[in-house]
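Each of the next two complexes has chain A plus one more chain, namely chain B in the first and chain C in the second.
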Partner chain A sequence: MSEEIRAKASSAGSMLNNPRVRAILYQALLLFGLGYFFYSIVSNALNNMEARGIKSGFDFLFTASGFDILMTLVPYSATSTYGMTFVVGLLNTILVSIVGIFFATVLGFLIGVAYFSNNWLIKRLSVVYVETFRNIPLLLQVFFWYFAVLASLPSARESLSLGEVIFLNVRGLYLPDLVGGAGSSIVYGSIVVAIAAIVFLKKWAKKRQDDTGEQFPVALTSLGILLGLPLITLFIMGVPFTWDFPELKGFNFRGGITVIPELMALTIALSVYTGAFIAEAVRAGVQSVPHGQTEAARSIGLRENRIMSLIIVPQAMRVIVPLLNSEYQSLVKNSTLATAIGYPDLFTVFVGTSLNQTGQAIEIVFMTMAVYFVINMTISFLMNRFNASVALVERK
Partner chain B sequence: MLKFSSLVAAGLAVGLSFGANAGTLEDVKKRGMLSCGVSTGLAGFSQKDEKGEWSGLDVDVCKAVAAAVLGDASKVQYKPLTAKERFTALQSGEIDILSRNTTWTHTRDTSLGLNFAGVNYYDGQGFMVSKKLGVKSALELDGAAACIQAGTTTELNLADYFRANGMKYTAVTFDTSDQTRAGFESGRCDVLTSDQSQLYAIRIGLKDPDSAMVLPEVISKEPLGPVVRQGDDEWFNIAKWSLVAMIEAEFLGVDSANAADMKDNGKPAQKRLLGTEGDAGEKLGLSADWAYNIVSQVGNYGESFERNVGMGSPLKIARGINEQWNKGGFLYSPPIR
Partner chain C sequence: MRVFKPQEAQPAPEETMGVAAWIRANLFSNVPNSIATIVILGLLASVLPGLIDWLFIQANWSGNTQADCTNDNGACWVFVSAWMQQFLYGSYPTEELWRVNTGLVALILVIAAPYALPKHLRNTVGVPLFLAYPFICAALLDGRLFGLEFVSTDYWGGFSLNIFLAAASIIIAFPLSFLWALGRRSDMPFIRSVCVVLIEFFRGVPVLALFFMGSVMLPLFFPEGTNVDKLLRVWIVLILFMSGYMAEVFRGGFQAIPQGQYEAADSLGLSYWQKTLLIIFPQVIKVSMPNILATFIMLFKNTTFLLIIGIFELLSTTQTALTNSNWLGGHAPEGYIFVAVVFWVCCFGMSMISANIEKKLDTSHRN
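Entry: the complex of A and B
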């Protein structure tokens, strides 16, 4: 009798003592707890908002916004919906991020490489640059470029001009716009074809070198294709382009392309600031390649520029790319400082103005967080792909 | 199990923290301080001096409520807020009352969970331009760039006005009143648009006030007033009647100088206001001398107006429509009885 009980008890105990069962049980409990946690937050918020008479839901996205936006990449007016406001803000954020990342990368690589210059002055300048811009708060730099530098430019009627086609004043930078007529799409198409041809040429040249050891002047030929093909097409099509020059009419310049000072200030600040960090990443990457590699390359007779492109850079990239990833992500997040100077990015027009006009804080903040999350996940994904392509390939 | 129960507890705690709704009066009394949302700095309405003391027409509403509830007009904690932050701060309970040149509109009253407790300044949107521009009317502004403060009714009115008149414009938005002024001064925009009262305040803040002029057009109605959270009627009444007390005091001829005397020797209506007759204070859940404290410590509406924005201030705004109804203005307070 007593043995039976003991056997039963031990079998029940063994169920609970079974590590698999216990693991699953705890996971299930945790999952349930988490689910309940979020459910209670959401339902409480909804209940309380309703009790207080605060509107909720996403209907506002389909109502007219009633305000205008300084810079829009797609057609937008006060009669457009809040949904369009979201799109306009999103595109402006993407624009400043891409331009910022481009210039930060160029600047960062130049400054980073300058550190290894044999010229004393250039090396020092690189150090001074990094230490200065890395150590000043970004918001202050944004204000500096906007309120100190760009705001002190002359007024529209006293614009600085370059050959009377490019104008710079306190309202922004005015560039002539290239307007394509009939047949312009064929010219654009020829540029795409040229790029494709270059990619193909590079692959072919590499294969040929691997097989025969003969080198092919890829750089020069590429340049020839890139310039030649579109130019020939351009003249065959009878130059289907006209210039739209900015002109001073009434209060402001009209026509051409306007680069607003808010965009300039933000792009400059973001590029200069992030460039300092990228320069450090580049320096770290190059320094991570042992000097013996250079010496070994010299001993087999490679020229200095080939040592750089074939030996140093491929190995340095393994260190640089993961660092670049986080710098790019920081740049995207830092672009929300746009709100301080009124550049109409997603944060300014959506979390700022739209939130204030509709009062729907939870929906708007949630949507905006989701956007930055998706943008940064995309950057991360692309950079990880790139990283995989430069990473050390080990024998399997 | 411990994990689970602590999670539930955390969930409940977060859930409950959304709750704390009614009972602003008790909260304020317990704290001994009124938390009042004001602007980040707007001459005449809410501004901080070198000593850190706040003053202005909107600040006086905060002071009046503190005087009515706590018996001391100085027991106010001021929270400077930008136009974009103000409603969230009130909804979330960070402040007890918002007195920050805020326009009473349908959307704000119906969908933000807020209640407007009356109007303490009748305003309208206007334009300020540089005299150099040679513009005499807002209708000559086609193609202009306009500096505005983000998240305001101004932004919407401006779009309406230019659209209605078939004109184009560029909207350059800034977060604070000071940044907007800086943008205008640097020439980023041709015209600065805001409520008229603010234009005068911004104009005297310019390096050279005479270089700018305010255009005659007024393109909107902007009734500005204090705001409280919806769903706490007791507190709503206190905010509403504190403002009424200031206006009513002026109407009845009670001011900070004669309030003590009127308390005992005044006419019935004056005595009812000052708490020596009737039970107006008790009905609000306050002491009998609630309005006496307001008038003796803050002054009546007329005193507050003259001191902050009127002839006794650098702004020198005329009473105009902000005069008592029997003197040609809009101020018509419901009687205290």
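Entry: the complex of A and C
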């Protein structure tokens, strides 16, 4: 009997029953399949590109692009290279992402906190906002702001204005520009110094409280440093700033900062849409803190505002931050919708125009994908760092 | 002699129930609250009447052409009703529309089948029907396989296309993403890394970039001379995109299953696939159902992005209608409101269903 079993064990059939052998077999099959797949698409791609006369490689990045871009943050003209086009698009993408993330966060936190208002109307409005904007496709919202709202603004001559300083018309939003003269860099530098001082102060105050139990009014002192130091330097340097106001000259405004309607529509749509999701995350975060925490904090005699900042917010952040991470990433990915209304982000100028002109689909699409990947990795890295600082530290 | 002196009757307690008390507690509990209430009511009063007037009371409801929109102070719903067939079916031939409707009804039947079928038929009939649905439906719309008149995918469009694409993608993505999620948990290093790369790639890249990959790069990868239909390429991209997200949802589901379930299945002597499909899968589905629906809602909304690569789904049809030379009256608000309402009803409905399922499936295994 036992010999029979041994005899079976040595046969080829039971070799397949050995999990280790099977694992190697499966992986070898997958490797072979993938290898064949990549071999065939690469050879097909090479054949196809040869047949269509498409060059490959990254030489096109150094040739002149021959087209102009609506909005550029760095000097750019039609004689600039495709490499420059890439940089301009990338900067525009980063601009809309940062502005969008800022407004989405502010809006999201406001609406999310409004849900906990003891005013029934405010609470309902918060729910209506979230359910409305979450359930309507983002592209439709972009179109709505661009074609229905911003396109119906008055012309330049009949601009809406705020104190004759800020103007809004169908061609965009015109803001005054702050022009720094000699010595302005010292003022900027003093802001950096103030921030560094606050970080240092916070560390020192925490150490002192841990050691002696004495508290230090960090928030008030920080505010004082942040406002005081730059203000003092500002007056010592003799206010080296002037305002550049937009002015109506002929048919259009000159001077100041111009925000083109494409950028406005995209930013509004992204902020409003992502804000709805962030509001939902904030609501979930605050709800995840058990009510017993508030009661316990009250019973040890904390004031109401200290309960919020010391007990509720730190615990809610543990739930909120991972959700924020994915919302920020999806905002960056959704900013590619710029291409639908012609805001010159990376996608529009690179995957749109440059690809059309050069035909180098593979290089361009992969470069663009890599950029979004890197941006999202950066966001993820920063948010994970932040998350580690708010995460529950358990006893080891 | 002591005289009994009854205590004075106390005043009635402050009202805590009824309309007046509710209003006091929820709208006017203190000064800032009262101010907020008045400001909000004032804003609503200034906006709502005009909006309702424009939307309903002064709106133009009947007619077929722009000339029928006589009242400029009201919305021109004639625009929507005149384009209704395009909005729903694209340019699909009118006499063949029954095929689209059959497809939509079949979709409902396929989804409802597991609830309606007797228990022993669910796995043998319900699941294969579910998985075969996209192919049968595509063949029906195309028509050649069933000997019907051939309708090229160029004519497919409208809101039905949004529904078909989203449904067909998630149905195929279901088994595929489950495999990816299993692969990501596998002990075999090569399989695991392939799955990780696949999932992270399709999640980390903007869906628009994927659509462009499908429309400009994929044709380069096929052998010379093969012409793969544009809609088919879009379908493939949507399936892969959806699989990336769903695999992560399933991974979350796997993590929620206690280790004891695996050990119990092993000790019963079940094989890997028996263990996975009979013990683990039903529990994973249960915990991940709300997230699957949330992912589906995202996919459904994202089908509007297909406008950018020239697929005539609902939003794209609306844009075409808005630029039509017979309708140049600036009907953007009406068109967008219609599309918004259609999507809102569908997405909100699904999120309600999701919340319902969550409640129903919650057998409170949680701590």
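In this section, the second predicted complex is superposed on the first by the 354 of 396 C-alpha atoms of A that agree within 3 Å, B and C clash if a C-alpha of one lies under 4 Å from a C-alpha of the other, contacts with A are read in each partner's own complex, and residues count from 1 in each chain.
By our rule, a residue touches a chain if its C-beta (ideal position, glycine included) is under 8 Å from a C-beta of that chain, and two chains touch if they have at least 3 such contacts.
Given the structure is predicted, the values throughout are model-derived calculations rather than measurements.
Chemist: I'd like to know which partner A:F347 touches here: chain B for first, chain C for second, both or neither.
Modeler: second
Chemist: In the overlaid three-chain picture, which partner chain does A:A361 touch, first (chain B) or second (chain C), both, or neither?
Modeler: Touch status of A:A361: both partners.
Chemist: With both complexes superposed on chain A, which partner does A:F147 reach: first (chain B), second (chain C), both or neither?
Modeler: So A:F147 meets both chain B and chain C here.
Chemist: Quick check on the superposed pair: does A:N44 touch chain B, chain C, both, or neither? Answer first, second, both or neither.
Modeler: both
Chemist: Thinking of the overlay built on chain A, is A:S155 touched by chain B (first), by chain C (second), by both, or by neither?
Modeler: first
Chemist: Check whether A:T339 is in contact with chain B, with chain C, with both or with neither, and answer first, second, both or neither.
Modeler: A:T339 contacts both chain B and chain C.
Chemist: State whether A:V170 touches chain B only (first), chain C only (second), both chains, or neither.
Modeler: first
Chemist: List the residues of chain A that touch chain B in one complex and chain C in the other.
Modeler: 26, 30, 34, 40-41, 44-45, 48-49, 51, 147, 151, 339-340, 355, 361
Chemist: Of all residues in chain A, which touch chain B in the complex?
Modeler: 26, 29-30, 32-34, 36-37, 40-41, 43-45, 48-49, 51-55, 66-70, 77-79, 147, 151-152, 155-156, 170-171, 249-252, 254, 261-262, 339-340, 342, 344, 348, 352-353, 355-359, 361
Chemist: Where on chain A is chain C touching in the complex?
Modeler: 23, 26-27, 30-31, 34, 40-41, 44-45, 47-49, 51, 118-122, 125, 131-132, 134-140, 143-144, 147-148, 151, 329, 332-334, 336-337, 339-340, 347, 351, 355, 361-362, 365, 368-369, 372-373, 376-377
Chemist: In the complex formed with chain A, which residues of chain C make contact?
Modeler: Spelled out, the residues of chain C in touch with chain A are 26-27, 29, 33, 36-37, 40-41, 187-191, 194, 204-209, 212-213, 216-217, 219-224, 297, 301-302, 304-305, 307-308, 315, 319, 322, 332-333, 336, 339-340, 343-344, 347-348, 351.
Chemist: Which residues, counting only chain B, touch chain A once they are in their complex?
Modeler: Residue positions touching the partner: 1, 3-4, 7-8, 10-12, 14-16, 18-19, 21, 83-84, 87-88, 91, 107-108, 110-113, 133, 141-145, 150-152, 155-156, 158-160, 163, 169-175, 179, 182-183, 186-188, 190, 229-231.
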